[in-house]
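Here it is: the structure, laid out below.
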Amino acid sequence: MKKIEAIIKPFKIDEVKDALSQIGIEGMTITEVKGFGRQKGHKEVYRGAEYVVDFVPKIKIEVVIDDVMVERVVETIIKSAQTGKIGDGKIFVYSIDEVTRIRTGEKGKDAV
Amino acid sequence: MKKIEAIIKPFKIDEVKDALSQIGIEGMTITEVKGFGRQKGHKEVYRGAEYVVDFVPKIKIEVVIDDVMVERVVETIIKSAQTGKIGDGKIFVYSIDEVTRIRTGEKGKDAV
Amino acid sequence: MKKIEAIIKPFKIDEVKDALSQIGIEGMTITEVKGFGRQKGHKEVYRGAEYVVDFVPKIKIEVVIDDVMVERVVETIIKSAQTGKIGDGKIFVYSIDEVTRIRTGEKGKDAV
Amino acid sequence: MVNTADTLFIMLSTALVMLMTPGLALFYGGMVRSKNVLGTIMQSFVILAVISVEWVLWGYSMAFGPDLAGVTGTLEWFGLNGVGLSPFAGYSETLPHLTFMIFQGMFAVITPALITGAFAERMKFGTFLLFTILWATLVYNPICHWVWGVGGWIRNLGALDFAGGTVVHISSGASALAAALLIGKRKGYGTEPIHPHNLPMTILGAALLWFGWFGFNAGSALSCGPLAVNAFVATHVAAAAAALTWTIVEWIYRGKPTTLGTASGAVAGLVGITPACGFVGLTAALIIGIVAGVLCYFAIVMKTKLGYDDSLDVVGIHGVGGAWGALATGLFADKAINAAGANGLFFGNPGQLGIQALSVIVTIGYAFIMSLILLKALDWIMGLRVSPEDEVSGLDLTQHNETAYNL
Amino acid sequence: MVNTADTLFIMLSTALVMLMTPGLALFYGGMVRSKNVLGTIMQSFVILAVISVEWVLWGYSMAFGPDLAGVTGTLEWFGLNGVGLSPFAGYSETLPHLTFMIFQGMFAVITPALITGAFAERMKFGTFLLFTILWATLVYNPICHWVWGVGGWIRNLGALDFAGGTVVHISSGASALAAALLIGKRKGYGTEPIHPHNLPMTILGAALLWFGWFGFNAGSALSCGPLAVNAFVATHVAAAAAALTWTIVEWIYRGKPTTLGTASGAVAGLVGITPACGFVGLTAALIIGIVAGVLCYFAIVMKTKLGYDDSLDVVGIHGVGGAWGALATGLFADKAINAAGANGLFFGNPGQLGIQALSVIVTIGYAFIMSLILLKALDWIMGLRVSPEDEVSGLDLTQHNETAYNL
Amino acid sequence: MVNTADTLFIMLSTALVMLMTPGLALFYGGMVRSKNVLGTIMQSFVILAVISVEWVLWGYSMAFGPDLAGVTGTLEWFGLNGVGLSPFAGYSETLPHLTFMIFQGMFAVITPALITGAFAERMKFGTFLLFTILWATLVYNPICHWVWGVGGWIRNLGALDFAGGTVVHISSGASALAAALLIGKRKGYGTEPIHPHNLPMTILGAALLWFGWFGFNAGSALSCGPLAVNAFVATHVAAAAAALTWTIVEWIYRGKPTTLGTASGAVAGLVGITPACGFVGLTAALIIGIVAGVLCYFAIVMKTKLGYDDSLDVVGIHGVGGAWGALATGLFADKAINAAGANGLFFGNPGQLGIQALSVIVTIGYAFIMSLILLKALDWIMGLRVSPEDEVSGLDLTQHNETAYNL
């Protein structure tokens, strides 16, 4: 089993979710995160003082899938999350030792 | 070393934490996340317009432990987080290369 | 490729970010999390009732880097995040199978 | 004859009292968990709508209309029939009758809203709404008539309640106790942490309550004269004193003063001075405030020990504070302050304390028993409590299809 | 001669109406996404600053100054020249002229602020500001003069608008429609979820609006007499009735009552009663409220079907509610309530309904067309809408370099 | 003889001014980090409790009681001894003495609350509380006596301070400077980002301040006559003008207008017009507002350069704005507006400017030095500042065992 972890722009989340659903992904978990990278942050001004905020809001999507799906999922995410502008994000692929569904105790493929 | 990552229902967090403490787990990290899966989302209505919200609040628990503990921890989580209803969540097990305690620089088993 | 995941005290985040930038790390992702460990939580009192809150606010930093950088990054984090007091946090190192930059589709080293 | 300044005074007081109900919504809303904040706010807000309509239809007539045997007003004034712009001398010779009516309407609104704190985070919306209408009709309107209506039997006994210690606070406090006992504890009460989700919201609510209370108490003089001035100053002094004592007591007892405590103390003081503010002097007001702060604090500490889940402490603050205020009126009332009142125990008239005690007991008894009956019946017919799943998901989603925050 | 109580009444009413604009800022601010909350609040807040200045410079003179052919006031009173502490009998014999001026100033402030709900979450700040100043000058001031100014042609026709049904609500509602059509839908409207980010903030805003509306409506009597009392009570009754009916209709239609619905209903009722409150009795007020709740609810449901993005429902609530109120005045107006008014259809004077209808149509037409022209011109000169990237990032960051929350 | 309308006016003004302190709590609370919001709100809220009690016990007597050599009132009126319902002609012939007392009490409350902005996010609660009581006793009460008390030496010089430019704003601004210098910068100031955590809360606070300020300024006429009207309108005009100029200046200087800036500008304008509003005409009010907006903006920009950490800009807004207002009164005061006042420089009386300058300098000097002494002593006895760990954890948890939000 593999875990795909993608950091994407927040406003892309619905598109990515729909695209993943369409290729048969039935589950995923998302987290609000903040990213630091090539994409510039923004300036904020309070009472005449200027601050540069480097961290940019991002969303992290985690999907655990069978090994055979990896390529397809990565490509789907790329296609649906891409804007072509700096800050589109990254996709990381990890190996997973074991997956269990809490409700049933099922393991492996059947658990996701 | 292994990392156990469990996605559970938010109101189960205290139970799971207590159960893990009881089997000797002394540390963990939790994150508020949102899940998408078999469990249906909910409907929201604003000014006469209906929206379906697919993402359901979940909590992610991360516990890093020694390999020998894996089975016990997984079972403890299953036992304490289970309601038997759809949406109880998943447990993922990962391998970890190295663990360090920032305060002391200790590595491995001693670090958790 | 490796992922370094560090759980640190929130007020250390700027220091750690700057230290990592200085050794050439150009990207990272952070998440607000809550930790449970040796560090004691705090007491809260509402309308005469006392509650003990075990979970302490922490920040999780994730940095994906080339294998050769691992040691240096770990050390930099230790140096910049350490206060010497309980609760300084942990650093976990994982292996990553693949990294992709969404914007360009680049893989591996070039993607981070 | 209508007096312009008095009319103005009561119109503005009415606006101030109106604002108290949303103030209460925020005061309560901040104390619940974030999944229930809209449900909690909604309970107060919808009461503002529904009881205002009930009041102009039959409530005012039952409470203040022509007396029937001392126990209720008749429905002669149904739909404000005959309630017009000229004064009704039985209540005020200088106010348009409608002005008196609308001012009193705001009291009728906030009283059931106070009760909602007892069953916060777990009551079905439909049942709650029906309960509120029945409670207003069968509990508030009669009690209001007894104490304030021309011909009301408690009024005729000579009981003193300047701005609603019995009518508003004791009646809601006693009903809150019935509700808390009957509906049972919130899931997780005592085992899981159930923290306020937004204390700044609660503080804002307390501030709006304090602000509006000037209209509530001073306005109850119905005329912009010395009595109103006395009530105004007494109100502020008691609120400040109670806020301060609650702060200090908690500091001593728990090691640190809390913001919620200071705000709660202020409300306790405002409750305590409510029945007394037009009958007692300022030294008495200070004492009433000080005692209210201490008493209500320990009433709340006690609750935790007794184990019922009066979620937002309606009993401890409004019940206990209101009872203290009503009795204190029997202690400190002074005809030098209000010639139309009576002297209390400390001014040589121990009988007044007896009358006050009687009015307290009767109000507690009636409100408690009637609420118990009403709630029991409603529970049987349609259920009081949301399902355990809905309680876990929260009222906002399950009762109203809404989420409070998307920050 | 100046009357002290009246002066006091209108000063305090002015303060209440002033508070409505920040109230509106919160009402609107809670309904947008969190990245746009400051931008939304700012639009109302800056209007409080800029239109107050515009009003004392030229606005008051254009609206209420010496008439020019029935269509506008001249600039004779520019900079409040000649507007002093003695009354101007054309508007009130008992108020200092300055008191009348500042009271009216608050109406001039809130009206353009209402429009901002239509183009929320996507308008350039600079363009918005210029639009507001032009709109106040070319739309509000003339319409205000027509309806309320001595010599105004709609006033001379005998149209009744007690507190601003046409001047405030219809004018802003019609302009909002123009703005929504011209600026286009928000990115993601209809495809992505666009949820309110903070409904308790919206409820607080609704509460402040309700509170301030007592000053808005009762204050419009300009004197603290029976008319003010009638307006006050009618206002409350209509607000409550509309809040209740919206709640019930939504409950039936959607299966659950929403908090936002109850609050929206209250606002709809307040809008509906605005033109009528000083001309109609309380039964009429109840009916006006009930109809306003139902009508505005379905107007909003309709919007979703028609497909334009009037983001915060200015058209559905202020446009439709205001038009209903203006027409209802033509139905229910009763000289027994206000001898200086007129009878409506149900009191034997069908002509009044015609006059009301005419004033509604003219106001809609003028405000709609002028707004269209102004916005079109500004779009051409400087652009109405922020760039798509800025819309995604939100107004707070891109227009104001700020973030609302760091919780 | 007591005048009913005046009594009503001042009672309601008192309620409005009371609301300003919670308004300030929110204004300040929104600007701090979320871990300190309750601590910040609490400082204002507890002042409302403690200073109200201090005021009725000894504060009023020291400030307004029988004069002792021009420097303080005696304790003859301790516990409001002799302060009753009949007027005290020295202050007002038409108000019950108690009404005047309670109105002034609200000024005594808000003044120390203003100072809390200077040491926000780092002061020990216990020390703060003691400081406040001492400051009220040794700084506020005497200054208030000098300027407003019968027999007060600055009053006898003929200095003009209509609603508290020196007594309230300069005294708190100067003390704030002392506090900021003595307590030192917040940990991380200048190196870490220290952002406001909830700007909508700050805007709400600003709105409540603006609303309450009508009572503060117009109420200071103590009678509902032309002077009150003038003060009312001048207040609104100056607030609007200053909000607008701050917005514009920031827009030019920083590229974008900020919401916090517009709100801060409004407060600056309100501060600036405070001493002047009952002595100057409306053109002067407009100018005072415009200058206040610009001046306070640059005072704040300057702070960042000077490097002390006056966290919420008490010096820049209240100190600088108050001083400007006091001096501007010496420029624009006009006996045609207030016969009981004096003419200023522009009306042919340059001496008045000198008197104003003197009162400004004396107030700054006295408040600054006394605050320095008090704080130094308290630092030595019990410590001013929380430990660095506590500062990192925040005041809410460490001083009050609370968390503001669980969203």
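Going by the order they are written in, the chains are A, B, C, D, E and F; count residues from 1 in each one.
FYI, contacts are C-beta pairs under 8 Å (C-beta built on N, C-alpha and C of every residue); 3 or more make two chains touch, one makes a residue touch a chain.
Quick caveat, the model's predicted, so the values are computed rather than measured.
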Of A-E and A-F, whichever chain pair has more C-beta contact pairs: A-F
Same or different contact residues where chain C meets its copy chain B, judged by the half mark: different
Distance between the centres, which are taken as Cα means, of chain D and chain A, whole angstrom: 51
Cα-centroid distance, chain D relative to chain E, in whole angstrom: 34
Distance between chain centroids, defined by C-alpha means - chain C, chain F (Å): 45
Multi-partner residues of chain C (at least 2 other chains): 31, 44-46, 53, 94-95
Multi-partner residues of chain F (each touching 2 or more other chains): 5, 8, 12, 193, 195-196, 198, 204, 254, 256, 258, 260, 401-403, 405, 407
Touch relationships between chains, expressed as pairs: A-B, A-C, A-E, A-F, B-C, B-D, B-E, C-D, C-F, D-E, D-F, E-F
Contacting residues of chain E [partner chain F, same complex]: 2, 4-5, 7-8, 11-12, 14-15, 18-19, 22-23, 25-26, 29, 37-39, 41-42, 45-46, 48-50, 52-53, 56, 79-80, 85, 96, 98-99, 101-102, 105, 125, 198, 201, 204, 396, 399-407
List of chain E residues in touch with chain D within their complex: 3, 5-6, 8-9, 12, 16, 33-34, 195-200, 203-204, 206-207, 210-211, 214-215, 218, 224-226, 228-230, 232-233, 236-237, 239-241, 243-244, 247, 254-260, 262-263, 265-266, 282-283, 286, 405, 407
Residues of chain A defined as touching chain F within the complex: 44-51, 53
Partner chain A, residues of chain F touching it in the complex: 31, 193, 195-196, 250, 254, 256, 258, 260-261, 264, 297, 300-301, 304, 313
Contact set on chain B toward chain A in their complex: 2, 6-8, 31-38, 54-55, 58, 60, 74, 77-78, 81-95
